[in-house]
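The same chain A turns up in both complexes below, where it pairs with chain B and then with chain C.
Here is the complex of A and B:
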């Protein structure tokens, strides 16, 4: 039982970080109907900005994190402007954007390899990682609790933004039909920029937490594969789906590793993905959209 | 007239090409991971090798010729290493290859150097299969300057059981690594022979970065020692995560240790033990580390790789001198017959039956409270 609770906590904390990244995938998908594989790049950019702000800039963690989030958000806007908008304006086929996003992900990764090198960097110990005991039944690190709380805060914040603000309404409208939203007087380019900024910002949050935990290196973005799987399981385009999918995935990984064998971990993850796609091709919360005329 | 002109031209071409041939440098290939997970080790090795070559050329070269170092990046991937070795042999025409800094890569490139008749010296490839094939037959063109995993595993088991008095060990290892698999096996064999018990034996996959599930299992198994037969980054992350989970064990690891782990895992590294080939305070190497710092404006942090690379280069130079020519088969013969060669960190004698160095001492390192890795003890082979 003790082990179960311990692995459950481990799973939740892993799932919450996946969730931050997965909602970014879903957010972009809901509006533009393509999976932005450069998403992992925004995460790495956020991590490096935080690293250099702390190491060279001598800033405190709050300022450095703020810089990282804004920086990751802006880089997302720039990537959209450079790589996706030209395609978007020329063709309605989203497949080209998907391919462009794969290219951008390689470009971002290699930009870091070439300019600052591929070595591992450790963030200074700005976030506490000391063990915390839960009533003597389980131990987790303060870091896990912090990442869980932060993920919840940002996800709630995102929900409020989407429900309570005018731009949130516009994004929701665009997720039904971008073209109609444009006809209704929404500035589509600005709307898409806001969507990318939000997705980039959330990736930046994930980037900071991941680089504290797993150290920072140009290929860190590869971890988003799991978050993408989570988004697909939850239903691409659905934000609650992305969160639920991430938690399922985080728990499944930890339980498999803890009770069966750590080598079966990925087998289970991708097994869940395949079963979901067979039983519910649109994911748990995805809505099936008919072919648009 | 025309005939004379033609003859003169031919003579001129012959003369020019003849002169070029005399000045043709001796090419030594260097195979190392310069990007990817093990880049920290590889960059240090190449830097050291460049220093040796620069010194050598300043002192007049080798056999009256200049020496040229040709480094290639393995990208920490077997397939890239295999391609690199092919290019070294076929297009660069190197006469000997130093590196790489991992067993898996040396095992993968062994058939290619054998086919190309170009000897290769592994710096820290400790798996037995680096120099000997599956049937126990020595690989004619594969050499190493380090001790092997059966010896290393015995040292680690002895340290854990006798020196530290830990009787219940857990292991966390990379299932995809030849090195980790081998070292784990030799540790278990020796540890159980001493009377110790393996209470948890957990694996992970190459690209994994999260080991908390496995560490939780290890914690619940009641281990008092964690043996890590891994490579730098994965061990550092495991140690850090073990601390976060409140896992209270003594940590012992092998020569995959790298000083950069102290930066990644921080405080959690304090009091960890590492079986290794050499130590920073080694009087034979101290002046060389000082020069390294002067040349590269950086401490030689990966001093183990630095030392092995430096001495491997001197071993090669000695072999080429004894062979009297820069040709693969002759150099291989000279390497094989090395006896009592005084290097900077050890005196080298090669066992012709296995191509392993004989009687190499093992060094135990311990990370101190100031996060500097210090000499703990030296173990002479029995």
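Here is the complex of A and C:
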């Protein structure tokens, strides 16, 4: 029972970090209808900005995190501006953007390999990781609780932004029909920039926590595969779906690690994906059956 | 009398290409303040293309579009700001948003909250059915209600010229009559200038003051709607022969 509760909390914590990544990825998908494979790059950029701000800049964790989030958001805008806008202004075929995003993913990864090397780096111990007794029923780490709470704060913030603000409304309209949103007087390029900034920023939050969990290296972005899987399980383009799918994955991974073996984690993840695609091809919250790459 | 005024919206020699296909081959038309102008034509004549070109939603190859004798900007969001709104073909309401949220989207360029609320009241006064359904998702509205919403949404931006692309599409005759009566109201009471394109030539000619006939990307004929309504050529080609 104690293992169960412990792994439950750890699972929620991991799942909520996946959710931060999956939600941004889903948001981009819902507006531009392509899978942005460079999404993991934003996470790595956020991680490295935080790392260098702490190590070389000597900043405190708040300033370093702030810089990491803004930096990740801006890098997402730049990637969109350089690689996707020229394509979407020429053709409505979104497959080209998907291919470009694979290219950008490789570019970002290798920029880090070439400039600062591929070695694993640990963030200075600024985020507490000490064990915490959870109401006397289980032991977990302060890190897990902190990342869970942080993820929830950012997800609630995103929800408030989408529901309460004018640009949030425009994003919801655009994720139904971007062209018609443009006819309403929305500057579509600005809307897309806001979407990418938001997605990059959320990935940056995930990047900081994942750097602490797994250390930081240029290929850390590959973990986004899990978030993609979560988004597909939840239903591509659906934000609640992305969150639920992420929590399911996080829990499944931690339960597998706790009760079976850590080595089976990925097996279980892709098992869930395959079963979902067979039983409900549109995912838990998905509506339309379109091309989902 | 109308000809003495300057046109509020003026399209001059507009050419639009889709790849190798020339959809508009030099279309010119004028809309004067307070008028309802109809453009009638068959499937594929280029009506929607013209509307989308005015809105900046499709690029124009050549030609000019003037609002108050000044060139209209080329980006959609700037066109809306300048005072032109479109109720698009097929209504295109935002299905997962509520009626109120759809109207808020229509008012996107307006930042003054109280002006938006005032505008909403006007739209609800025009279409009381929308008020009854204000918290309903647009996707669950009937076709006629969705058309009312699309028109109301376009009115939210307080346009100087309202563009309507086939508001009768797919609707029962009784609903079409209801909606066209409202359009007359919008024109008479609010003094709204309207440019409407329609396949339903008879309704469009009855509604409008002047009309243009468009065929495969060119203007074939223009005149007072009352005259066109009794023109034997038009009757044969667009009004289904003698009635």
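General observations
As a working rule, the second predicted complex is superposed on the first by the 288 of 293 C-alpha atoms of A that agree within 3 Å, B and C clash if a C-alpha of one lies under 4 Å from a C-alpha of the other, contacts with A are read in each partner's own complex, and residues count from 1 in each chain.
By our rule, a contact is a pair of C-beta atoms (placed from the backbone, for glycine too) under 8 Å apart; a residue touches a chain by one contact, two chains touch by 3 or more.
For clarity, every value in this text was computed on a predicted model and none was experimentally measured.
Aligning the two structures on chain A places chain B and chain C next to each other without any clash.
When the two structures are aligned on the shared chain, A:2 is found in touch with chain B, with no touch to chain C.
Look at A:170: by the touch rule set out above, it reaches chain C but stays clear of chain B.
After overlaying the two complexes on the shared chain, residue contacts for A:223 are found with chain B alone; chain C is out of touch.
For the combined arrangement built by superposing the two complexes, chain A sits at the apex of an angle of 150 degrees to chain B and chain C, based on C-alpha centres and given in steps of 10.
Touch criterion not met for A:60: it reaches neither chain B nor chain C. Partner contacting the larger number of chain A residues, of chain B and chain C: B. Of the two partner chains, chain B is the only one that A:131 touches; chain C does not reach it.
Looking at the shared chain after the overlay, A:182 reaches chain C, while chain B stays out of its contact range.
In the superposition on chain A, A:122 contacts chain B only, with no contact to chain C. Minimum Cα-Cα distance between chain B and chain C in the superposed model: 39 Å. Partner chain B is touched in their complex by these residues of chain A: 2-3, 6-7, 10, 14, 113, 117-120, 122, 125, 129-131, 133, 139-141, 143-144, 213-215, 222-223, 253-254, 256-258, 261-263, 265-266. Here chain C touches chain A in the complex through residues 55, 57, 75-77, 80-81, 86, 88, 92, 94-97, 101, 104-106, 108-109, 153, 157, going by the rule given at the top. Residues 166, 169-170, 172-173, 176-177, 179-188 of chain A are the ones that touch chain C when the two sit in their complex. Put simply, chain B touches chain A in their complex at residues 35-36, 39-40, 175, 202-205, 207-214, 216-217, 220, 233, 236-237, 240, 243-246, 260, 263-264, 266.
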